[in-house]
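Lettered A, B, C and D in written order, each chain numbered from 1.
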């Protein structure tokens, strides 16, 4: 069964998310931040809006996967690596967090987070590792397989690489699977130590995009 | 265990709900109505905001009680009365619905609804039947018991009554329980026919508040 | 069979009764207080009716409100669940006066078993041992010593006029008795203005074991085995299991058979539970009878496959039991964990609030009887029971392992629960060895018990 | 016992295996595709590892990905669940080559039972009846008439080179045979370039009945009774039950005993299921064996109280079965309803989407094996099974009544499910009378069946 959503719809979603974060949400939060109410829900036509102040340590069930303690890979636990799910839109969240006005919360929570949970969220790995157009400076080379990571000679900070260049291999049952650079750029550093067991999609090498580097 | 929330907090909640409905929500909905996205969630400090477009016939589980079909009281079904839960803030919702701008939905849904689900929502019957300060013109006399309703001589449209005046009785196993007017006002009409089985808290007589009537 | 039943209760037991009605193809009306408007039984019911405000005295405990609701909704029977009006024989009589059937024993049976003391005498007369005591009040020291010798030490000296443990003293030897009796007399005189004393056998480290029975209108009765409810905190059961881990098959059979013989002979009717104290030598003493369905009934249902609530309804409708003792076959082992909204870190203070997330555990042998759902607001007005996690297994270790796994699966976010104490129990050697006694948790202190579990 | 098991599957069966591991106190690692990152088994697992993208060929069906995941997480066994790699003997061999244990039959046993035709011959040789057919290809009309007479009408003429029902013809009399055989020969010649034909007995209105077996490494085997899986839609089971409603106790015992004798004699190992077609006269014909756990295994677990997944793991670990045929006691009746994300109004087209609200049904005898939770997004890449609602009762009518009540309780908002067809089935006279046959729903048409149910 193919994903029913096309690229246009997905891009509209992304645009909507940005508009929401930039313009509407801060105002809404600023206005409501002073009220002593636990949760509000409003419905209008196709839309349902719910505002909720977390009861305690914050939610909850649906986020457990990412909270899983680092118990994975006991055979390799010297590396302390947890193959937890990478949080989607990490870069988006970080970049907008700084600019969000009206944050009057005083608790020690980890700051605002944005997680679109509409259709097309799963099985769509690409966007998870890419910064939005013109947004971030960095890209990540991820693991093409489950196995043991061995960085190659180019996986050294400062090395200039082109998109498709090999950065190392993930050994899957003796068969090396190439880790390649997703962009023309410069290697910032290796995220995972040599010999570490990695899962599919795991972030391995940090890169800066060449065009942005040039533009500095 | 007493309700931990005091009157001040509750009144702040109500004020917040009104501000939200009047100022923020319509703008938010107007901006987002054109986007093709299923659900968004944003967190900021103490607040969590979720926007969701219903998948089909609309939600859902938590609202079933009020959707219960009129299968109650088969012994009295000629009256067609269902002792379903009265929907909270019915008056608020109705009055704001007309004035809500930017409603571009074309479906046959019953319009916007507002249901605060914060603390203190249950076991706090009073506010459910009262209009907010300065908001609505009408008040409702409700049933003091489960039994059979018999309107009294004053429960006739146009009758002027004072708060505490009897409007009829609910016969509970042969013991009449008095239905009284909650306000000084004028009877608009009887909501439930004589001889109908009613549940505790059921809306029985519709009244206009005297001060507002005078002020016209 | 009834046409339509009013369920005059709330929470998980209202849901349980609703399910039994559905299975029996009987209509059900859920009577609810304003605080329970959004509750799961109300949502699932074909029909529901608000009977009063949150205050139970004006809703679930109000006989007129409940009966009026039954009358106006056209019910022909009322199921009271447990607690509230379930053992109120006056209520049962008023129900009958309105041509409705009370689902439980008929009023005259309730009346016969209404007094604890009277029931002990009644069933004692039909062969059930009760806690041995002195022959009336103690006349003098000689009489006291003689009676203590007859009962066997240790004995408890109890003031006739006292209550709640006040003025009681346990003695282990004749010498202790002679000196304590003087103190007790003077204490009783000053406290109650009455220095009459009597003796009762002191049961050290006892277990609470109860026998489930079902007797139809025609005097045909069966027992459905026993349950061990020794895991208690301040006299509140928190974990129940069956079979009782410390009873031999012979002791178990003896207990159950004597229980059913006695209640049938005494004219009991409908389902009921006979509670016993059992000492270290497996001697058992009848304490009281509960003339209703119990919280822990699922333990027995898991073992026998017999629906106790449906049985209760069918008996009340005048149907014959329909099965004999030989048809009651017990299989495996079951444990029920009461999940309460209580804070173990704060002396188990009950709590309330919104269920942010709820996920029931599942898998083979797991049953979760709960009225929770995500978004449900647990009202603060009633008891703190959120649900019952029942784990069955072909043997006790498997039931315990499944219970442990199920506790790890259970998600109740937004409320503080007592799940911690269950995890500690299912990991405690005392429990695993089947050595829990009714006073154990309180003697150690529940907090100390939890702390010890956390350390190991 | 194993130290750590890789669960190489998803959805409800991954959860089921995880629960078995917990009960056995064995660590478990859930291997998942990117599409299943937020799935319940991943959330509940102590450990989980992403093995590839949503596309099953690069994740759940990729032997290297699965085995590499097992190796790097330090597992010593792999549980394949059902579907995916569960019956792939090459996979089982590679698993063993990496010093891991495949949880299922050993590779050489899988190999022995790999071919359907070979297995029919093998087990036929150990006394299991198979569908009667002609003695090889039909030489001429005389041979055809002779063989048809011997097999008994009606018979099916099948082209040797055909497949998928193409070029087949059913005939009821010698006259029909003589005329049809010419047409078939010419059709087969033009379609396949080969006009060889053979005959097979035509089974009208058959039922699908399967026997659950478990055999340990030491040749000790038991059957765990049968299951009737006759309620099918386009050869997909949608409801299974046990005991089979139309078999007499004697026929049932005969079927099950012959099945276990044959597979033990043929050297089968681990849990498995033998599928049979059963005709109106209760004659049965062996079709195939499934060398894995089946979707419908909970039906048998409810009746016997035996954990089949744990049994499977224990046998693979080399443990003896630990119980004998006499220990397998079946109690009551159980029905499993497969809840699928399918739209009955649109030819049962499978769907996907976000679960807006989810509430599992409960109460006595109800078990819901499902990986759903509120907010879970069902991915579109895999099969449409959302869960299995299993209802047990002391008898078939009670199991059905409970199933009906449970369907009314089940809430799955946000997705279109096939709950409607289950409601129709549990209300249909044909089903209530136990008269469902494998082709019934398709013959009537599922839409017509639903429409008829809605009218009544």
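Assume a contact is a pair of C-beta atoms (placed from the backbone, for glycine too) under 8 Å apart; a residue touches a chain by one contact, two chains touch by 3 or more.
Because the structure is a prediction, the values reported are computed rather than measured.
S.K.: Chain pair with the most contact pairs?
M.R.: Ranked by C-beta contact count, first place goes to A-B.
S.K.: If you average the CA coordinates per chain, which chain's centre is most distant from that of chain B?
M.R.: Between chain B and every other chain, the largest centroid distance is to D.
S.K.: Between chain A and chain C, what is the gap in Å from one C-alpha centre to the other?
M.R.: The answer is 52 Å.
S.K.: Would you mind pulling out the distance in Å between where the CA atoms of chain A average out and where those of chain B do?
M.R.: A distance of 44 Å separates the two centres.
S.K.: Rounded to a whole Å, what is the gap between the Cα centroids of chain A and chain D?
M.R.: Taking the average C-alpha coordinate of chain A and of chain D, the gap between them is 40 Å.
S.K.: Can you pull out the residues of chain D that are in contact with at least two other chains?
M.R.: Correct list: 353-354, 357, 359, 373-374.
S.K.: Using the touch rule from the top of the page, what residues of chain A touch 2 or more other chains?
M.R.: Residue numbers touching two or more other chains: 38-39, 59, 61-62, 117, 119.
S.K.: Any idea which chain D residues touch chain C in the complex?
M.R.: 15-16, 19-20, 22-25, 44, 298, 301, 305-307, 329, 331-332, 357, 359-360, 362-370, 373-374, 392, 394, 398, 401-402, 404-405, 408-409
S.K.: In the complex, go through chain D and note every residue touching chain A.
M.R.: Its residues touching chain A are 29, 33-38, 42-43, 45-54, 59, 64-65, 67-69, 71-74, 98, 350, 352-354, 373-377, 379-381.
S.K.: What part of chain A is in contact with chain D in the complex they form?
M.R.: Against chain D, the touching part of chain A is residues 1-4, 61-62, 64-65, 68, 71-76, 83, 85, 117, 119, 121-123, 125, 145-148, 172-173, 175, 197-202.
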